[in-house]
Amino acid sequence: MSVTTMSPDPVDGALVELNEISFVRSGNAYLDRASLALRPDGRTIIVGPNGSGKSLLMRIAHGLLKPTRGHVTTGRRNGCPLRQAMVFQRPVMLRRSAQANVIHALTLAGTPRRRRREHAERALASFGLSQVADRPARILSGGEQQRLALARAWALRPEILFLDEPSSALDPAATKAVEEGINTFHEHGTKIVLITHDLGQARRLADDVVFMCCGRIIEHTPASRFFSSPVTEAAAGFLRGELILDTDPPVEQPGKQGGPSF
Amino acid sequence: MSVTTMSPDPVDGALVELNEISFVRSGNAYLDRASLALRPDGRTIIVGPNGSGKSLLMRIAHGLLKPTRGHVTTGRRNGCPLRQAMVFQRPVMLRRSAQANVIHALTLAGTPRRRRREHAERALASFGLSQVADRPARILSGGEQQRLALARAWALRPEILFLDEPSSALDPAATKAVEEGINTFHEHGTKIVLITHDLGQARRLADDVVFMCCGRIIEHTPASRFFSSPVTEAAAGFLRGELILDTDPPVEQPGKQGGPSF
Amino acid sequence: PTAQVAADAPFITLASTTSTEQSGLFRHLIPHFTERTGIEVRVVAVGTGQAFTIGRRGDADVLLVHHREGEEALVANGFGTERRDVMHNDFILIGPRSDPADVAAAATIAEALKRIFEAQAPFASRGDDSGTHRKELELWRETGLSPGGRWYRELGSGMGATLNTAAAMDAYTLADRGTWLSFRNRQEMEALFEGDPLLFNPYGSIPLNPDRFPWVKADLAWQWHEWITSTEGQELIGSYLIDDVPLFFPSLER
Amino acid sequence: MSLIATGDPTLFSIVQLSLQVSLTAVLLASLIALPLGALIALFRFPGRGVVITLLNALMGLPPVVAGLIVYLSLSRAGPLGQFGLLFTPTAMVIAQTLLVLPIIAALTRQAIENLWEEYREQLRSLGSGRIRAIPTLLWDARITLTTVVLAGFGRASAEVGAVLIVGGNIEGVTRVMTTAIALETSRGDLPLALALGLILLVLVALINGTAYLLGEITSRNMQ
Amino acid sequence: MSLIATGDPTLFSIVQLSLQVSLTAVLLASLIALPLGALIALFRFPGRGVVITLLNALMGLPPVVAGLIVYLSLSRAGPLGQFGLLFTPTAMVIAQTLLVLPIIAALTRQAIENLWEEYREQLRSLGSGRIRAIPTLLWDARITLTTVVLAGFGRASAEVGAVLIVGGNIEGVTRVMTTAIALETSRGDLPLALALGLILLVLVALINGTAYLLGEITSRNMQ
């Protein structure tokens, strides 16, 4: 049985605590007894191969998905529920203009009507989207949509911000700006949880690193430790860019077998 | 008027030639008189800021979109129409299993029925997807979906392969494998056209680089030249990770303005 | 319940009015005819006007309707071969049991209608140009009054629908006895006035003309036409009762 | 036939009543069925499959049955008898609402369920509860829902069985296009019946065209 | 009432004919309307807006009008008179097909247009022409289209105006549930009419339930 509770005094100060989380569908455990405490301090970066369950873990931590087994405990701040926001790996754009997307998020967050437009405009400007504010969000370019998703989450002033590969579609300058933004947010006390495949980015931002593989949290170590001498052999292999999805057959070079020669 | 022709003898051997292409919607020119010849030799890498029109250009070259003005000339090989494939920035998965997605692509490409399954299995295995072959494609993880899109395009053995940020959601090992695959393909004579924001990847793969900005092709230079001393100041700024979307207001650091402080 | 007939059995199509069909008469008659001749009879029950349209287009083999003028015109124009009296019943004035216009005390139908007119009691008219509707208009002409106003409701509906409406409106209405006797949703309604010779309601049989409509099954239709006017047919008509009351009176008895 | 040729005022008032009754019924039905369909789309509860099946099945509610139900409820002896609504346009609106509601609700349920699959996690992440998500989803599915409502409008405007029973087809009071068509048919005046049918279809087409244009305008700006 | 209580064989054959006619009509209509709706969804051509509006408007084709059109065509004096189809179940199938076709086509058009928006570039890139895309789209939209076809089935099974005109409500030949309900209503036997209506609804619900279960099974595997 899964239980999601709101504890007034979360265990040793974690904002969100995952306790022995499993996520099982049609007999496969996509998450397998994963435990993780997200403490207010520090930027937690999650890395791991494709399909290792990073996004699942984040969606469960954010409260979008019920785990099959295990507890999620979400803390409070000053007696209020935690203000959370998440930028999805594949952001969903409502069928409205870019600006209306942000305004809708602000409406849901309870921002007073008269201040919504101004807030939305500021958020859009921060991500270089002023020019496209009135375009339908769904015809924006991939990068513009990702920026919009960031702007939308940003505008909510969350206390914990989940970011699932937020700069995967961004150009180098925007990536740089987003990383700086993340740091600023963090300095103002927002807890950052970020998934990335960009090890450079992980190195630049991480305070602590969660390494996942095959639905399990293999290690959770301070960043300095993780990048210099990871505890597990799997993590070391991952950092070297080697294949470690041991449940899969080794990924062969596509050209060798799947290329024009076959 | 836009004209798309199939020339039996394309101008100076280009596989696809874009001639003064413009793409205009509600008064905005998202592409502005862009000309580009995609010759059989070499891997052409397209870079540029978000929203600069890279994906539009690729979709037009691939024949998915009609330009508002300008010509697209598509060559032939051995008298047959060019076999093309494209991996989209946001791949679309049919509402079927991963394997059925590949099989459907093979069906459309005219692969004989009895060989489809085998080809599909090989393509899936090449991208480490054997384990997930029978899962509905739409519940795969972001990276798995991108791999599936690659497998699907790969399986078609195209003569020209368009790749729109194909490794943006891939883990480091898969990225490495895809890059190797691209090279193998290329060695077998497939023309590669690739959009990426990963300048490291661009450096590793590029024979020639197209740099786009604000709907225009700013420069098209051999890779060695582009990365050492780009012709334009815009390209140099882009390589330094600076902001050059001069039609937009400068992207401010989100935290400064959009952060929790406002 | 009808006798089940093999699909390839010979059959004729009989166009008739809803009132006849609803009375249940055909279910009483047809099995006997089918047993004797082996001919199945398919009854299409529609509004009187629609029945005549079917006749004029040759979409049936024989008609059984109750609008003498129309029937005679059909024969005169060569659509039908001949008309024979088959049976008759009568129209009755239906109304709420409380009888606010006191029509039960009237001596003639004209007087009864006059009372309704004067009381401005709700009256539901078929308003559909059917045989019953034309009879009603004829009776109003008899009174010398021209009904109108909120109490006089032209419904444009079949007999059954009109009765359903009248029942819920506590309105008077003119109905043929066959439909009335087989009607179940009477609520507060009763037959309040009957017996005036003006309320006579004759039914006629008309086989369609094979010279005009070569596809018509003239032989089979003629057998029906003959049978229903034969002694056997006439006796069967007279023996059809609901609650021990006859619905139709065979014409030969008259 | 002269009814049409002379631009008869009777015809005009029949047309007017037809549109009034059908449009009111569709409006009422939409007000209930759009949120209802969305609710069923969004919530998981025991017996949901049964509810969906029933809703789908009620798209096949025979008009005569709907008419009878309303007739029995509104008739003098019925539970709502004291309001004296039988044989009034109001009764016809009620019957058509009853008939059209399941159609709009069932099709809305499907449309919203499709959209919710896409939006669910994003909206919940933004702090939108399921109830709060309903207006968002209805608005974003507006093009599809326009077609859905038009399907309901088609059913309402074409319908004759129910309005005949509860309206009584009273000339000048509850006669609408479809009951007039049925009347002319039973009178055997098929050309007039067809002509009236054509007029009705043209009117329905005009309303559909207006809806289409409005849809095009709102969708051109926001896909 | 005994008709029902005794499990009368007449009732059984009426039920059977009802389902046979409606299911055949829906099958025929689907065979035409699903590809037709998809075609209109996929192709851009001049006057497309008008075609869509007309299709939407035809969802409001009054059954009586559809019945008259079929009647006049099949009537002995009509263009198809020589086949002698009037007052047969075949005629009823034709009339219901005519009635249901626009509903399925219009709703399919909308559903496929939504999916095409998502699939267009991907399918074209894979070398699929628009025509070739139709089976792919119909298959991938199968859950929504099931609801669409059920809407058509609801209309067909509830319909009385058209089958009455072209079938003639001949006992033992063309009497179906809805015409039987109408007949009992006009005989004033409202409880029997309601009971028959209920039976019809239960049957429709069973068929809907089957469709729902089949949909659930095929969709559980492939979303």
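Chains: A, B, C, D and E, in written order; residue numbering restarts at 1 for each.
In this text, contacts are C-beta pairs under 8 Å (C-beta built on N, C-alpha and C of every residue); 3 or more make two chains touch, one makes a residue touch a chain.
These numbers were taken from a predicted model, which means no experiment stands behind them.
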Checklist entry - Going by the contact rule set out at the top, which chains touch both chain D and chain E? => result C
Checklist outcome for this item: Shared touch partners for chain B + chain C come out as E
Next on the checklist: Let me check something: if the centre of a chain is the mean of its CA atoms, which chain is farthest from chain B?
Outcome noted: C
Item to check | Contact-richer chain pair [A-D vs C-D] | outcome: C-D
Checklist entry - Measuring from the mean C-alpha position of chain A to the mean C-alpha position of chain B, what distance in angstrom results? => result 26
Checklist entry - Counting in whole Å, what is the centre-to-centre distance of chain C and chain E, each centre being its mean C-alpha position? => result 35
Checklist entry - When the C-alpha atoms of chain B and chain D are each averaged to a single point, how far apart are the two points in Å? => result 48
Item to check | Shared interface positions of chain D, touching two or more other chains | outcome: 71, 165, 185, 190, 223
Checklist outcome for this item: So chain C residues touching two or more other chains come to 46, 158, 161, 164
Item to check | Touching two or more other chains - residue numbers and ranges from chain A | outcome: none
Item to check | Contact pairs between chains, per stated definition | outcome: A-B, A-D, B-E, C-D, C-E, D-E
Item to check | Touching residues (chain side chain E, partner chain C) in the complex | outcome: 8-10, 75-77, 81, 84, 86-87, 168-173, 183, 185-190
Checklist entry - Hey, which residues of chain A end up touching chain D in the complex? => result 59, 62-65, 84-86, 88, 91-92, 94-97, 100, 104-105, 108-109, 136, 138-139, 152, 156
Next on the checklist: Residue numbers of chain D touching chain E in their complex, please.
Outcome noted: 49-50, 52-54, 56-65, 68-69, 71-72, 102-103, 106-107, 109-111, 114, 117, 143-144, 147-148, 150-151, 153-161, 165, 177-178, 181-182, 185, 190, 193-194, 197-198, 200-201, 204-205, 207-209, 211-213, 216, 223
Checklist entry - Given the complex with chain E, which residues does chain C contribute to the contact? => result 1-2, 4-5, 13, 18, 21-22, 26-27, 42-46, 57-59, 158-161, 163-164, 167, 182-186, 213, 215
Checklist outcome for this item: Per the touch rule, the chain D residues reaching chain A in their complex are 118-119, 121-128, 132, 136, 140, 221-223
